[in-house]
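You will see two complexes here that share chain A, one where it goes with chain B and one where it goes with chain C.
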Partner chain A sequence: MTQLALVIDLNVCVGCHACVTSCKQWNTSGWAGPMVDENPYDADPTGTFFNRVQTFEVGNYPQTETVHFPKSCLHCEDPPCVPVCPTGASYKREDNGVVLVDYDKCIGCKYCSWACPYGVRELDEQQKVMKKCTLCIDRITDQTLPESERKPACVLACPTSARLYGDVHDPDSEVSVAIRERGGYPLMPEWGTRPANHYLPRRKTRMHITEDELQRADNPLTKEDITVYTGEETLDDVTW
Partner chain B sequence: MKRIVYREWRIAPERYWGILAILAGVIAIGGAAALYMEHEGHWVTGMTNSVVWGMPHVFAVFLIVAASGALNVASIGTVFGKRLYKPLGRLSGLLASALLVGGLLVLVLDLGRPDRLVVAMTTYNFSSIFAWNIFLYTGFLIITVGYLWTMAERKGNPFMRPVGTFAFLWRLALTTGTGSIFGFLVGRQAYDTAILAPMFVVMSFAYGLAVYILVLMFSFHLDERPIGERMLKRLKNLLALFVGAVLYFTLVYHLTKLYGAKYSDVESFILVNGGIYTFLFWFGWVLVGGLVPLGILYHPERSKSASWVAAACGFVIVGGLAALYVIIIGSQAYPLEMFPGQTVIEFGLPGDIGGTVAGYAPSFPEILLGIGGVGVAMLITAVGIRVLQFLPESLADQDVDPHAMARSAG
Partner chain C sequence: MHPAFSVIFLTTLIGAAQGLFLALFTGQLYASIRLIEPQTDVFYAVGSALALGLLIAGLGASFFHLGRPERAWRAATRWRTSWLSREVIVLPMMMAVVFFYGLFHWLEWTDPFVVLGDDMLAIDATFVIGAVGTLVAFALYVCTAMIYASVKFLEEWHSPYTVGNFIFLGAGSGFMLAAAYSAYIGNHLVGFYGTWAVILTLLGLATRGATLVRNVGLRHKSNLQTAIGVRHRTIEQKSQGFTGSSFNTREFFHHKSPEFLRLVRLAFLVLVFPVPILLIALAYVTQSATLPIIAFVAQYLGLLAERWYFFAEARHPQNLYYQSVA
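Let's look at the complex of A and B:
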């Protein structure tokens, strides 16, 4: 079975929120919309978001670092939100593994929000039905779009290409290769929900350069020029 | 034992209609509050995406739990054969139905989309405990009406015991289901434990009986019908037993959680540093809802006074609401542990920001909706006892107590 998912590279995510705004723009005007806001601009914006970049610090001051952690529905392979829904409005698509909500069947009981251990379900405060990331289902299944555009809005918007998209069950897909070769991990696997979305860990790239590597040991001029200079003009002083 | 005579509630019409008018006013205000929340949207409530169930659910769950507990009084008479309780059966059935209808109304009106109730009633996902509860609630109503018929109609009398037994088992299943709504939730640290189901059953015994005793005393007092000392003593002893059992289950629930290191944070939140939730737990749930009523009900002198017993019932109800507030809202307010040991500083859900507790202050309309549900339950009860023969004419010892009869005969 195909299992579409996102793989997010925490190493290159800079927390710019381009994925948040592009998600909001695409989905509020599309099939899943509207995503209403009561107070979208102040310090504590409220409203419905399918994707949030959660920022936290690691370490103790002053040895702290900031981690930006984009989080949306993880499209679990065993999603706890689906069996708890009394009307079956929450479901997992069999053809591509995307977890969706049928807005026409949702009665707004909010029980799925309790069941999700990742806190990614949000009640639309005006429509009063439960909403969540659809993986831009209306984009990725739209055959009229060119192949290169059949991706979630957040993936297309990410300026650092931190977000990869594909089938995690296909061992040769870009996402599977990234998970396999770059240590991709799911969020809180201990819940047994088998999240389809994965994260690539942050890595520190350090260069190890020794003093002698900074001096050119094999400078041919040094080797071949046997002239002893005593302050006169040399070839190096010539202005070209 | 004398033949029990049941009579309609014969209070003065102006008093009866006055009570009805007050209850209708309460219900109208509750209805208007529901309409306001429905029209304006979810943001006029205190609820957020972290605290998704608020004050209406506290009232709704209380009423539903109390409903199944209220039916217990009838079960004691029918299923367990205690003759003293038999005259109390009809009111027990009526009150159970009324409380359930009140609770369900609050529950339904607090849904995001109450207009889609027909979807909930026609499309079921049987892997959801919530869907099973829809059957348990509607089934409870149907069975209770049948049970009332066996109690009130001579032709139905032979079926009283089997129907009563079935109703008793059903009510156990109902409260188990209600407790399991929370117990089955693995995603919240305060839940994910099987003990919530039996704890809710015991809570229902206590809260249902407290409501029952209050309604019985109020209706008898207004109509100047007597309640014998022996009857009062039996009821208050039973209530004390149930209140003690609630405290016992509360202790075991928290000990279970405290034993595992992974729950120590949420336990310290509820028990030590959770602000309003800690206060409501110790002061509301344990003290007002447990120790104070126990002190009254086992006090050698005060327990003989009807006023003190009524006060103890009131305390149990207030403590019950506090307990459900802690269970339902406190557990949501405690933040989900997404990044263990880390504190989200930006753009989390409300509960995640700063790793702090999600704020929740019940809005006025939410409280009014909850009280409206209580109004519905009381209105149904008042009309029921007025127009039908639910209340025994007397609960005086010589009329209902077989031992008193034996004593007087001897």
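Let's look at the complex of A and C:
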């Protein structure tokens, strides 16, 4: 079994929104598009997005830190949005675990969006069908692309490599190793949706220096030359 | 959640229609065993037409909820997993049963197949259709309610009370409509239907009241800590990623003040429960022909408010991600 997914490293995400814009660009131009915008240059612009970067502040001033939080479909292993769909338009691909919507079958009843606790499904205001992150299914399955480009647009765009992509069921994949060794966690585990996407936590790199590391215990300056001089001629006074 | 009027009208109209059908068949059952005076077939036929009209109106309202109504037929395919799909199947069944129940009465195809007891219970075609229709009506109540009650993320809805509310409030308004109908045409069943309407409304008060009490003390499973996975007591959203609106900010919020919500709750608690009960009791005493109609209209308006509040009070966990624009 293959379960493709993203692993997002909150430790290095700088909140630049490059994944948001590259996602919109790729998907509005391709199979999933257009992702229409309404009033794009006017008051109250709105539009369809598969991916957003949100910002949270943790703690009270001055002990605060900023967490940039990219949010897209988590491609749950037990997706609650799929069984509620009355038409079967919402489905999870058997071969790679990506959760998709068949735009030709969707009736736009919005019921699947109610059944997603993460709020990652959006009704397209002009096409009137439900849309969501496809993990760039048209790109990752395109055998004509070189292997290195067969990745979601957001992953390729991320300047800090905060987005890892791969098969989370393969224990030796980059994403599985990252989840296992760097504390990867799922969102809202209390619902039992088993999200495939994981997040890597913020980590602080701290130096631990003890007192005896600052004060060198065997410093020769303190060890040697214990002579107390009281004005007599020393070796420095000798002229050669 | 955003209260959509398409769904508010759908659930209240078909709820009343199913209740009216149940009332008509209950009347037929009581009349056939001579507990109440028998009615003409026209009474049942016109009543069925009224119920069918409400069902059609409800179905029509539901189409406004769909982005692609021309594909609505596809919604019958996933009945194995989706309560919405089940409702899409059972609703036309209900309409067919009501249609044939009315048609058989209208054509007076009521020769009994078999007479049970000492000429006590005559089983004719309308009796069989009515019995089947009773099952279908309850199945439809359950399907409609389970659409909401089965979504575990909406914890305000995810309870057996929701099913009770849809059954009792729908049936209550249907029996109230039957009482109004009887009062309008001036037969003697106002007291019979009115009594049932009061009983069902009181049962509805019990389940709806229990829902309100439950939801006041409801502690949501998710919070901002589990939403973003950071273990800290103080987390504040600084940006939701965009300054405009989106589907997420429209579909899951009612955008009304808490005062407005309290007002709607008060309105439905008054209009659905005490007002119709008092009016129907008054109608019983004064033999008024108009008070039962006013009672039904008041209760129906109250049910619109009740359904609006039902949506507005449900808080979706996705809202945790949309607490601050920028």
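Note that in this section the second predicted complex is superposed on the first by the 199 of 240 C-alpha atoms of A that agree within 3 Å, B and C clash if a C-alpha of one lies under 4 Å from a C-alpha of the other, contacts with A are read in each partner's own complex, and residues count from 1 in each chain.
In the analysis below, a contact is a pair of C-beta atoms (placed from the backbone, for glycine too) under 8 Å apart; a residue touches a chain by one contact, two chains touch by 3 or more.
These numbers come from a predicted model, not from an experiment.
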On chain A, do chain B and chain C fit together or clash when superposed? clash
Go through the superposed model and pick first if A:P171 touches only chain B, second if only chain C, both, or neither. neither
Looking at the overlay, what does A:K128 touch: chain B (first), chain C (second), both, or neither? both
Thinking of the overlay built on chain A, is A:Q54 touched by chain B (first), by chain C (second), by both, or by neither? both
Let me test your reading of the model: by the given contact rule, A:Y185 touches which partner, first (chain B), second (chain C), both or neither? second
Between chain B (first) and chain C (second), which does A:W114 come into contact with in this model arrangement: first, second, both, or neither? both
Same chain A residues contacting chain B and chain C, which ones? 17, 20, 44, 46, 52-58, 67, 69, 71, 80, 83-88, 105-111, 113-119, 121-123, 125, 128-129, 187-188, 191
Residue positions on chain C within touch of chain A in the complex are 1, 65-69, 71-72, 74-78, 81-85, 88, 147, 150-154, 221-222, 224, 226-230, 232, 234-242, 244-248, 251-252, 316-319, 321-322
Help me check something: in the complex, which residues belonging to chain A touch chain B? 17, 20, 36, 38, 44, 46, 52-58, 67, 69, 71, 80, 83-88, 104-111, 113-119, 121-123, 125-126, 128-130, 187-188, 191
The answer for chain A against chain C in the complex is residues 17, 20, 39, 44-49, 52-60, 66-67, 69, 71, 80, 83-89, 105-111, 113-119, 121-123, 125, 127-129, 185-191, 199, 201-202
Once bound in the complex, which stretches of chain B touch chain A? 41-43, 49-50, 52-53, 111-114, 116-117, 119-120, 123-125, 127-131, 134, 181, 184-188, 332, 336, 338-339, 342-349, 351-353
